[in-house]
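In what comes next, chain A is part of two complexes: it sits with chain B in the first one and with chain C in the second one.
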Partner chain A sequence: MSAADVQRAREAAQAILREFGVTAPPVPIERIVKSRKINLQYAPLEEDLSGMAYIKDGVGIIGINALHHPNRQRFSAAHELAHHVLHDEQIRQAVHVDKGIRVLFRDEIASLGTEPMEIEANAFASELLIPGELLAIAVEGGGIDLEDETGIENLARRFRVSPAAMRFRLSRME
Partner chain B sequence: MIKDPIYGAFGDAVSTRRKALGLTQSQLAGKVGISRASIANIESGRQNILLHHVYALATALEFAKVADLLPALPQRQPGGELKMTLSNQTLSKQRLSQSAEAQVADLIASALAPRRSGKSGA
Partner chain C sequence: MSFVFFDTETTGLKHGFDQILHFAAVRTDADLNEVGRFEVRSRLMPHVLPHPSALLTNALPIERLVDRALESHYVMIGRIRHALLDASPAIFVGFNSIRFDEEMLRHALFQNLYPAYLTSNHRNCRADALSLMMAADAVSPAQLVVPRNADGGPTFRLPVLAAANGIAHERAHDALSDALATLDLCRLVRARSPDLWQRFVRFSNKSAVAFFVDSEEGFVLTEFYGAQAYHAPVTCIGSDPDQANGRLCLSLHEDIAGLAAMTDAELAFHLSAKPSPMRRLRVNAAPTLTALYDASDAMLDGVTLDEIEERARRLQNDAGLRARLVAAYVARREPYPVSPHLEGRLYNGFPGPEDEARGEVP
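So, the complex of A and B:
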């Protein structure tokens, strides 16, 4: 198993943002997915499943758990898009089902049990939904206190992501 | 009453979504116009739900379409020929449950179903 290439994942997300000319949050994730001719489906799945990615005879499919909060669904969609962009070889061979992406946010230790393709997909999704440049503008270059719950929630709302996803992104802000 | 697993699966879907939206059982009951006890019974799969309540629940739970609240039948033959892998499977040694495989297979079938022409009634 090769190491995760987080840099490549972030660059792939940035290329898509440039292609779409995204200048303000929220990033139109559904439109981005559909523009790539990927069939986007929503269905009620077991609570701990967030989504799936698969390519069947050249037809790209992304499935999202319709039961989750809409902002969490956006992160799942971006995470599954990452598998299509970065891991198309793997998702042609088998249906790739994603379980508990959320767990990864809780703490760094959780990432020890995370495989490289999931680390890459999370980095891609984080960069795509919360682009570095737009985040810098949103915090006015001043950064934000990670203990400031209200501040993080307000930022999360602007980008239409969960507060957990925003915290994850802020902890990796350079 | 014959216990059909679909009621349990439906109850789980209602409960998961309600919590994702941060609603209490009482708040949901108020929006649907039924008692909190009924919501509790529906969520635990102990109540045969009426069709108009299914629609009212889908609206109260902010779904774009009622089908988003209807899980695939758990007893349906899962997967078939589909090979499925779970994220972090090598490290976690976890496998997908049969009902989860059925849900994923159902979703893929919907994605691959031939598109209708868009004309209603055809």
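So, the complex of A and C:
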């Protein structure tokens, strides 16, 4: 298994942001997904299942847990979009192997980011929903203290992500 | 995790004063395959007088209602609560359920000293299949056969709608039969109008509705009056100060500059027109919403998308005007009198934490 290429994942997200002309948060993830002709589907899934990515009859599909909070749904949508953008070959192969629709699940292992594909998808989603340039503007170049709960929550609210996702992004800010 | 399709048969239509006689729920997986069902009946409570029309509709003879072999109302509500908690979290769906069945259930739980908001709490979501059917007819009419009544208008009564669409519905107004017919109609819309079904599922989640209306500059709100759908491009101008789940939205057919030039009194008069350009939605009542970029031309009613987005932006950038609009609209409201009857006070407050904990006892 090859190592995760985080840089490639971030660059792919940045290319989409440029293509879409995003200049301010929140990033319109639903519009971005739809613009790529990928179907975004909502369904009541098991609690630990955030989303799934698969290709059926040649059509890309992203499944999102309808019972989750919208911030979590946005991250899941971005994460699953990463699989379509970065791992098209794998999810096509997996469809054949699994003869069906359930291919890539965002489960607890994925959240931990231990699989190269999941590490890349998390990096892509993080860059897409919290673009480095927009984050730098938001913190006015001064950085932010990772212990500052209120500051992180305010930032998370502006970008429509969870505080956990914002903390993840800030911890990797260059 | 699943959907729960449910229905109630009752002694009448008055929340808090009529009672549930028959409750049924059908649980499905995410693909609407049935995975279980639950059904329970109760006998009539001594102080409840069933409405004759309800007995005719439900085809329940009075002898059946007073049969001592049936569960008491208290036992039935306890069993319903247990079954629904067991299915949670789930998306609860009925036919006209937001206005009726959900209210009957909340009041029944309240009167039996259980926490009333079972289908809203426990990470549950709720939606109404009647709104879905009306939306399907309005958005993609070829996908659903909607019968006409004697006046030529559309009718969305469950038995006739099911029959017109080839759905077996042998015992109309039997709770289980109605729940199954509702499920079948949902399967039909899911198969024929997948985009509409996706919006229906997504906006069953109160947080998803709040997020959408608060973050989109504008969107189309579809409301139903007298079995007719009315679409309006709107923008959310603020929360309802009298209700945490309420949002006030302004029609984007309005001339924003004209509104800005009005005095407060003129604004109040303008908003009192019928229909009012101010629309109110509840984020926890599964409203029918469409993103502007998904809206058909018919939904925008002759105004271009660019014009609508420009009006929405203008209003979103004018916090002063939004505050004046909310104030002018709210000032027209009459005070809501507290019911002299305990049965009518479900919405007059929440129990304290100690009482809430007592109610949560199995």
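Assorted remarks:
Keep in mind that, in the parts below, the second predicted complex is superposed on the first by the 155 of 174 C-alpha atoms of A that agree within 3 Å, B and C clash if a C-alpha of one lies under 4 Å from a C-alpha of the other, contacts with A are read in each partner's own complex, and residues count from 1 in each chain.
Here, contacts are C-beta pairs under 8 Å (C-beta built on N, C-alpha and C of every residue); 3 or more make two chains touch, one makes a residue touch a chain.
All figures in this text were calculated on a predicted structure; none of them were measured in a lab.
After superposition onto chain A, partners chain B and chain C are found to clash with each other. When the two structures are aligned on the shared chain, A:26 is found in touch with chain C, with no touch to chain B.
By the touch criterion stated above, A:160 is placed in contact with chain C alone, chain B being left untouched.
Contacts of A:54 after superposition: chain B is touched, whereas chain C is not reached. When both complexes are overlaid on chain A, the residue A:118 reaches chain B alone and has no touch with chain C. By the touch criterion defined above, A:69 lies against chain B and chain C together after alignment on the C-alpha atoms of chain A. After superposition on the shared chain, chain A has more residues touched by B, the comparison being chain B against chain C.
In the superposition on chain A, A:41 contacts both chain B and chain C. Two complexes overlaid on chain A leave one chain C stretch from 56-64, 74-82, 182-190 or 254-262 clashing with chain B, and it is 74-82. Residue overlap on chain A between the chain B contacts of one complex and the chain C contacts of the other covers 39, 41-47, 66-70. Chain contact summary for the complex, chain A toward chain C: residues 26, 30-31, 34, 39-47, 65-71, 73, 160.
On the chain A side of its complex with chain B, the touching residues are 1, 39, 41-47, 49, 52, 54, 56, 59, 61, 63, 66-70, 72, 93-99, 101, 113-115, 117-118. The touching residues of chain C, when paired with chain A in their complex, are 1-3, 30-31, 89-91, 123, 125, 194, 198, 201-202, 204-205, 207-208, 210-212, 215, 291, 293. Touching chain A in their complex are the following residues of chain B: 12-13, 16-17, 20-21, 62-64, 68-72, 82-88, 90-92, 94, 96-97, 99-100, 103-104, 106-108, 110-112.
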